[in-house]
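What follows is chain A paired twice: with chain B in the first complex and chain C in the second.
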Partner chain A sequence: MAIYLKGKGNISPQQTWGDASLLDQPKPAAGNRLACVEPDYTQYMDVRQLRRMSRILKMGVAAGSMALKEANITVPDGIITGTSYGCLEDTGIFLGKMIENKEYALNPTPFIQSTHNTIGSQIALLLQCQGYNQTYTQGAFSFEHALLDALTLLADEPNQALLVGAADEITNTSHTVQQRFGIFKDEHNTLETVNGEGVAYFVLSGEKGPSDVVAITAVTTLYNADEATLSAGIVRFLKDAGINASDIDLLLLGTSGNAAHDAFAETIATTHFANSTQAHFKHLSGEYPTASAFAVWLAARILETKAVPQNIVVKNSGRPVKRVLVYNPYFTKYHSLILLEAC
Partner chain B sequence: MKGSVHVAGIGVISAIGSSASATLAAFREQESGIGHITHFDSVHKNVLPVGEVKLPNEALCDILWQGAHVTRTALLGIHAAREAVKSSGVDVKRWRTGLISATTVGGMDKTEHFFIDYLNNPNAGKLRNVVNHECGKSTEIIADDLGVKGFISTINTACSSSVNAIALGSRLIKHGLLDVVIAGGSDALSKFTLNGFNSLMILDQQPCRPFDASRSGLNLGEGAGFVVLVSDEVRQAEGVASRVLVNGYANTNDAYHQTASSPEGRGSFGAMQKALAMSGLLPQDIDYINLHGTGTLNNDLSEGTAVARLYGEKYPRMSSTKAFTGHTLGASGGIEAVFSVLALQHQCVFPNLRFETPIPEVGLVPQRTFEENVSVKHVMSNSFGFGGNCSSIIFSRN
Partner chain C sequence: MEQLMADLKKQIIEALNLKHLKPEDIGDDQALFVEGLGLDSIDALELIVLLQQHYNIKLANPQDGPQIFKSVRTIAEYIQANKPS
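On to the complex of A and B.
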C-alpha cells in the first residue's frame, strides 16, 4: 500500500514555506520555546474572517491552503487532522472568563472555537468541503492516526485526494504549565529539550501522478512498549512493509535533547539501523506531540531535493536517500514509525 | 476490505442507568434521568437541568478501584468499557486488540479546579489536576485498565465523535489490521461545557423536548458507551453468540456554519444516504432511527428536514433518546450505539419522551411509547456535531 504526496504546507518554527531557501539558517529557540514563523495571512483569507480566528486556526487554514495549492487542488475529498492539545488559546480564554466572570455574561465564540475539530471544520467551511472530516486527538499518535486513516481510506478509494495534517500550538498558559512539569530545559535541569509547535498539512492520494516523487507506505504506533516489544515491533513493521532495516537509507530520529529518554531511542537506532544515515529534527521543530508531521515534511523535502540538510545529520552513511524512516519517540511511552519512499 | 464486523459486547453508563440492563429497564418504565446538578457547584445549579450519572466520583473510584486523581471522563469510560468487554466474553489479551474512544471534554473537570488557583498565581494549582487534561489521556487510562496495548486512539469531532470511533474500529478490522476493537466514547459533565452551551443560549431550563414543536434547547448529559467489535475469525474462535453487526457508516461535513446546521440538513442527509449506500440497504429497510435529536430549534428542524427528504411521508419508527439521558456530547454516539444494539437484541424501540406536537415544518411523529415484539432488523443512529461534523451508522441483525 502506498499513498502519494501531491502537496505540502508547513508552518513551523523554521522558514518552511515560501520561496526562501528552506532550513539554510536554522532559527534558535528563545529560551526553551520555539515559535512558528508565520506568513501574512491576508493572502489566505479575508480580514473579516481573520479577525475571528485564533492563531492555530489561521495556521491551519494557511498550511492547508499551501498544501492544496502545491497539489493544484481546490477542494479535497476529505480532511483529516491530528491535534493533541486542540485549540488551547480559545480553551484558555473561555476557562479564564468563566472563572473571572463567575459564569456570567460569557462570549460564546471562544467556546465554539475551543473544540479540537475546529481546525479541520474551519478548513471545510472555507472550502465548502462536504466530504469526510475527521480529527484525532491521541497525544503523540494524533498525526500518525490521521495518516493511518488516510492509508486505509485510500486503499478503498484510491482516486480520492485527502488533506491530512497535524496542528499543535503553544500558548503562554500551556508553556507556563508544561514548564512546571520540568520537561523543558531551564536553570534547574540539564535538558536540551525545547517546547515546540507547528501546523503541517499534506495532500495525499492513492493514485500516483506523473510528477509525484514521494510515497508514504506504512505507519504504526506502539504504546507503552518496553525495549524488547519495541524492537520486535520495528522488525515486524519493516517486514510487513516488505523491507529490512538495512533498506532504510535515512533514519529521522525524534530525539528531544533529554539524555535519559534519548538513550532508549539511540539504542534502537544503533541496534537496527547501524548502516543508515541518522538525522534528528527536534532542534528545528521543538518537542510537541505532533512533531512527527514536521518530520514527514522534512523527509518529503529530502526525497524531493535529493539532499539532506547538513544541520540535521548526526551520522552520515553517504547513501543516496530513497527510503526514509521517521522514528518518533515521545516521553518513552509513545513510539511511532512512518515510512516514506521515493517513487 | 473483507468479512463482517460483529458486535460482541456492549456497555453503557448514563443518567438512566449504570448498565445495559438498567438502561433497558429505564426505557421500559419511561423513566427520565434529567434532574438538578448535584456533583459540582455552579451558579446554574438549580436553573439548568442535566442528565447526571447518579454515581459521584467517590463512588465510581470505589467501585472501579481507581485513584482520586482520575478524571470523571476516564471513570465513566472504564465503567462502560469493562461492562462491554465482560458481556462480550472475548479474551481481549489473546488478540490484536484496539481501544478507540471519543471525548470532547477529556479531563476538563479537573482542569477547571487547577485553573482557579492558576489564575491567581501561575505557580499554584496542583499539577495532578492538569496532567490528564488531554482527550487522549482518558483513553490511555481506560486502555491501561483493560490491559489493551496494541492500538489506542481518540477521536474528537465534537458530538459525532463516538460514531466515528466505531466506524474507524470497523474499518481497521475489515482491513485486517486489528481483530478486536473496543469502540465508543465517554464524556463527563463539566462547568466548561455547561457554561459554553449556556453562552450559546441553547440550553432548556425545562427537561428537553426533542422533535417537539415547543422544544427550546437541550439538556446536557454525561456518560459512556462502548461496543466490542470483532472479526469473523474472533467471533468463531471465541464462540461469540451475538447476531448484531456493523453494516454501514458514513462521515460528512455540513460545511455551513461553525455551530448551526444547514436548513436543508445537507450534512445529515449525506451521512444517512452514504451509510445506507455502504450497507446496501434502502431507506425503507431501516426499522428504527435513533435520531440525534438534541432538542434545539436548529438541530431538530435540520435533521427532521433531512429525514423527511430521505423518506417522504412513509418513515420508520424513530426517536431521540436524549430526553432520557440529556446530550452526552462526545459519548452520545457510543451510548446510542448501545441503545441501537439493544433494540436489535430485544426487538424493541424506545420512546421519544415528552413529545406532544410535531414540528410544523416537517410534521414527523416520533415513537411515543416503549414498544416490544416489533421486528427490528436494521437500526440507523445519527450523531451530528459542531463544526458541521455529521455521522450515521447502521447496525443490523443477521
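On to the complex of A and C.
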C-alpha cells in the first residue's frame, strides 16, 4: 500500500526550512556535535505559549506547523510521533532538581514535560486536535514504528490525514554521557561519527491528491541481523514491494563514519545496489536514533525537485531518481528500510 | 512589604519563565490568573513550589490558593503572615 506525502517540516542541523537554497552549503559540526538550525518560534506560536516549552517541544510544534502549512491542513486527523530519548532537557532539569532540592519542593513543569509523549501532546493541545495521538519509543526504530502505524491506520481509513514524525534532541548532559561510550569522534579515536539531533514531521494520507508527488510504499525493520540475514531481508522487502534491487534509483545510506559499523552497510550497498546512485546523509544530520526521519525528508525533497544534492553523492549512476530506498543502520543492531517513490 | 513585592515579581518572572515581562510590568494588585497575567493551573503549582523554595512556606490548604495567588500583594501578605520565625 502507498501513503502519500502532503506536507513536510524539518528542523535539523542544516538549513532545511524557510528558503529555496536548502542544503546548498552544509553546516559543519562543532567538534563532534551537530546542533539544529532553529527558526524564530514566534512565527509558529504565541510568546506566552513558548515560555513553558523546552527546545524539543518548540522544534516539534514548529516542524509540525511547517508540515501542516505545506499540506494546507489546519488540524490533522491524528498525530503519531517517534522519539527514542523523548524530552531530555526537561528530564535533566527534573532529575537535577531532585538532587539539588533533596527531593523536596520539585518544580512540576519539567516533570510534566519530561515524558516522551509531550511532543505529540503539545502539538495536539495547540491545534485542539482531539484525534488519535500515539508516541512510539522503540529506540532507533521509533520513527519506523510511527510510519508502520500510519500505514496501518491509512489502510483502514485512507481519507484521513495524519501528522507523522520523529524528534530527538541533544542536551549537554546527554552529549557528555554518550561521549563516554566512545561512539563519537574525538582525540582518542579515528571515528568520523558526530552526534546529531532533529525533528521532522510529515502529513500523510492514503488518498492521492492532484499535487502529490511522493509516496511511501514500504517500511520494515531488522533487529540484530547478521549480514546474511540482512541481505535476505532486503531482497524479501523489495520482493514484497513488487520490485527488485535493480529498480532502486537512489540508495540513501545512513552510514555514520564508524568504519567498523559502516563496512557492513557498505557491503550490502555494493552487493545489491551496484547500479544505483548511492548517497550518505549523516554528515548533514549527525547520528541519532531517529535520523531516518531526516532521510525521509531528504528523499522526499529529492523526488520533488528531481535533483540529488551533490554534497551527499558518493556514487553517481546518472539515473533519474524515481525510487529511493532509505537504508538506515544504527550502530550494528538496528537496520531499517523505507521505500519512497515518485507518484 | 514593598521590597518583598519587588522580590516576588522577579521570582515569579524567573520561575514561570515570563521573559517578555519586566518586574515593573506587573502591578502590585494586578490579577495573576486568567484575565490578568494569564497564568494557569500549572503556574499555580509553580507558585506553590516558589513559596516552599524561597520562603520555606508550605501551603496548608491548597483550596486557599485562589485567594493567596490573586495578586503579588496577596502573596506578599500571605508570606508576611506565615513566614517561619
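In this text, the second predicted complex is superposed on the first by the 342 of 343 C-alpha atoms of A that agree within 3 Å, B and C clash if a C-alpha of one lies under 4 Å from a C-alpha of the other, contacts with A are read in each partner's own complex, and residues count from 1 in each chain.
Convention: contacts are C-beta pairs under 8 Å (C-beta built on N, C-alpha and C of every residue); 3 or more make two chains touch, one makes a residue touch a chain.
Only a predicted model underlies this, so the values are computations on that prediction, with no experimental measurement involved.
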Task: Touched partner set for A:235, first chain B, second chain C, both or neither - done: neither
- [ ] Using the superposition on chain A described above, determine whether A:134 touches chain B (first), chain C (second), both, or neither.
- [x] first
Task: Which of chain B and chain C A:259 touches, first, second, both or neither - done: neither
Open item on the list: Between chain B and chain C, whom does A:122 touch in the aligned arrangement: first, second, both, or neither?
Closed with: first
- [ ] Give the label of whichever partner, chain B or chain C, reaches more residues of chain A.
- [x] B
- [ ] Classify the contacts of A:177 with the two partner chains as first (chain B alone), second (chain C alone), both, or neither.
- [x] first
- [ ] Please work out whether A:108 is in contact with chain B alone, chain C alone, both, or neither, and reply first, second, both or neither.
- [x] both
Open item on the list: Once chain A of both complexes is superposed, is A:94 in touch with chain B (first), chain C (second), both, or neither?
Closed with: first
- [ ] Scan A:149 for contacts with chain B and chain C and give back first, second, both or neither.
- [x] first
Open item on the list: By the touch definition above, which chain A residues appear in both interfaces, chain B in one complex and chain C in the other?
Closed with: 104, 106-108, 112
Open item on the list: Under the stated contact criterion, what part of chain B meets chain A in this complex?
Closed with: 1, 42-44, 104, 111-112, 115-116, 118-119, 122-123, 127, 130-131, 134-137, 139-140, 143-144, 149-158, 164, 168, 171-172, 175, 177, 191-192, 195-200, 251-259, 266-267, 270, 385-389
Task: chain A-touching residues of chain C, taken from the complex the two chains share - done: 15-20, 38, 42, 45-46, 49, 52-53
Task: Touching residues on chain A, where the partner in the complex is chain C - done: 47-48, 51-52, 101, 104-109, 112
Task: Contact set on chain A toward chain B in their complex - done: 79, 84-86, 94-96, 98-100, 102-104, 106-108, 111-118, 120-122, 124-125, 127-139, 141-142, 145, 149, 152-153, 155-156, 173, 176-177, 180-181, 221, 223-225
